[in-house]
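Each of the two complexes below includes chain A, the first together with chain B, the second together with chain C.
Moving on to the complex of A and B:
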């Protein structure tokens, strides 16, 4: 399948190989996701969900298998390079944000990580869009 | 928008973090239990925001959750991992017929199998 945005083949990761604590976290896992698809992922504690995400993000190196994103093989790509194409969000709300900066500044920072615009130049249209989006949620933002 | 991130409630912070994660239009969005630490009301709001942003931007997304209802009501496909493999993969008609109760059964069967190893 070439029209797959994310194409994971044979992905395998074993922690502490050869020890008594050996743990196969990913076992020849295959997953193909077409562009724009939203997939929900279930699984008991320790079934490999976060390990899968870490392998996609390049935070750990798989023992076997390949990961293609948008047709490009990113299996061995540096994590900071992939970060431009992959957004992620965890349970802990503070991870990845600067607590002393405002929402607007944090957004500007996230924005300029990818584009070359200067730091504080979140353009007006985007700013209005966020405001509207946040306002409709009634979260006091 | 002018509030410091550190002063926001958990739900507000996750909403803002979600915007940060998607503002630069990534090819892929990975959500790992991103509402698990929130109260039910805040979790619903962040889920609603998640749906809207991903739909509007058409971002390819994987979302880990332990909530069977969210797993079926958001997105168009649900997979289940067990021992590092994909053991269930449903979409379309099959997914529409699936109930959170039946899904929970499948979930516990997977866990029993694992414990029985």
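Moving on to the complex of A and C:
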């Protein structure tokens, strides 16, 4: 995980190609992020920030280019498979939570990818870990 | 006594349809996608169960019904996840196609009695009733005499046992990892995907489970009434929804376990309400209109309330 390196080459995404509304969101973008680097992407509305992240997350297919994560080509990998190594926090918290489930179940669900295998989704070991983390928030959880 | 018998009969009916209500609960409340396959998978459970029962394996027949329902669910799920067809349409497509399958399973006729031809002592062919789980259970209870000999009581007890086992198993399942992934898929599919869970797979599993339950219900009903009929399935989804909604009104929104119990309980209450409707001389064909009205009222009330309509007695909706 720690020596993960994101390497994006020639990433291109064009919406509504060939129509009057044609919009090149990403034009042969190259980006290399070394391990441990903290990167912020800034840009005006419509400059392609979301398109970039959606391409990395696998929510949309780029027209051209490759995305390497830790040396592995993930350009054509399914979104849920690459989610094993990519975390995503949405601007709208409702997008990242399941409203009909308890906080503990939400945490357990989000933790599925890295947790130990167990029969029940909510187990004592994971719960203790969640409690420890939640206690640091001082929200009475 | 007449009243008690009527009540027992209504409860038995409710219990027979309870697995179907649980199946509808799984798609409607957990996956939050109404699944119209129900109308077809109920009958597929019935016909497959009839065929296997007549062959002489009543217990295996119920499992065969479960499997057949799961396969029907798989078809719907594949249409939804692979071909990205609108979920409502997927259900209609599969249910329509299943009609032919059901016809074929019944050997090209629209109904089938659970009996087979055997030669009697004189060498003439006679019809002999096939063994069902209810018959075997009855033979077990008959020596006890009294109320135990009442067929309705026997049906109620056996079905109650089966439904309890189902509710417990489902209750456990939905707290396991795959079970919770299915709940998450209905709640927020995007979150499930970004938690590195294949949401297509969990959705498929959920739809298969739901239709297996529905078909199982069809199988139980088939063995209880001793015949299978192709027309039994129409309007099944609406009846299931009515049960789930009645259950929800009573049980409220208090988590999964309460939801499962309410769905099964709603099915029983629904049959009691129907029984009452019959006893005030409503014709039996009014069932479907009644069910439809129950569902419309229950689904419409939250919106009406939002627009300031007051409900009598502050009923929860």
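What we mean here is this: the second predicted complex is superposed on the first by the 110 of 141 C-alpha atoms of A that agree within 3 Å, B and C clash if a C-alpha of one lies under 4 Å from a C-alpha of the other, contacts with A are read in each partner's own complex, and residues count from 1 in each chain.
As a convention for this text, a contact is a pair of C-beta atoms (placed from the backbone, for glycine too) under 8 Å apart; a residue touches a chain by one contact, two chains touch by 3 or more.
This structure is a prediction, so every number in the text was calculated from the model and none was measured.
Here chain A is shared; do chain B and chain C fit on it together or clash?
Superposition result for chain B and chain C: fit.
Pick one for A:88: touches chain B only (first), chain C only (second), both, or neither.
both
Quick check on the superposed pair: does A:57 touch chain B, chain C, both, or neither? Answer first, second, both or neither.
A:57 sits against chain B and chain C alike.
After superposition on the shared chain, which partner residues are touched by A:99: those of chain B (first), chain C (second), both, or neither?
Both partners, chain B and chain C.
So in the superposed three-chain picture, is A:20 touching just chain B, just chain C, both, or none of them (first/second/both/neither)?
neither
Chain B or chain C: which reaches more residues on chain A?
The larger set of chain A residues in touch belongs to B.
Can you report the vertex angle at chain A, computed from the C-alpha centres of the three chains with chain B and chain C as the arms, to the nearest 10 degrees?
130
For A:80, using the defined touch cut-off, is the partner it touches chain B, chain C, both, or neither? Pick first, second, both or neither.
In the superposition, A:80 contacts chain C only.
With both complexes placed on chain A, how many Å separate the closest C-alpha atoms of chain B and chain C?
7
Determine where on chain A the residues touched by chain B overlap those touched by chain C, and list them.
Shared contact residues on chain A: 57, 84, 86-88, 96-101, 109-111, 113.
Hey, which residues of chain B end up touching chain A in the complex?
Of all residues in chain B, those touching chain A are 1-6, 8-34, 36-37, 42, 45, 48-49, 52-55, 58-66, 68, 70-72, 74-86, 88, 103, 107, 110-111, 114.
Which residues, counting only chain A, touch chain B once they are in their complex?
Within the complex, chain A contacts chain B at residues 5-6, 12-13, 24-31, 33-44, 47-53, 56-57, 69-70, 84-94, 96-104, 106-107, 109-111, 113-115, 126-127, 130-131, 133-134, 137-141.
What residues on chain C touch chain A, complex-wise?
The touching residues are 175-177, 179-181, 183-184, 186-188, 190-199.
Taking the complex as given, what residues does chain A use to touch chain C?
It comes out as residues 57, 78-81, 83-84, 86-88, 95-101, 105, 108-113, 117-122.
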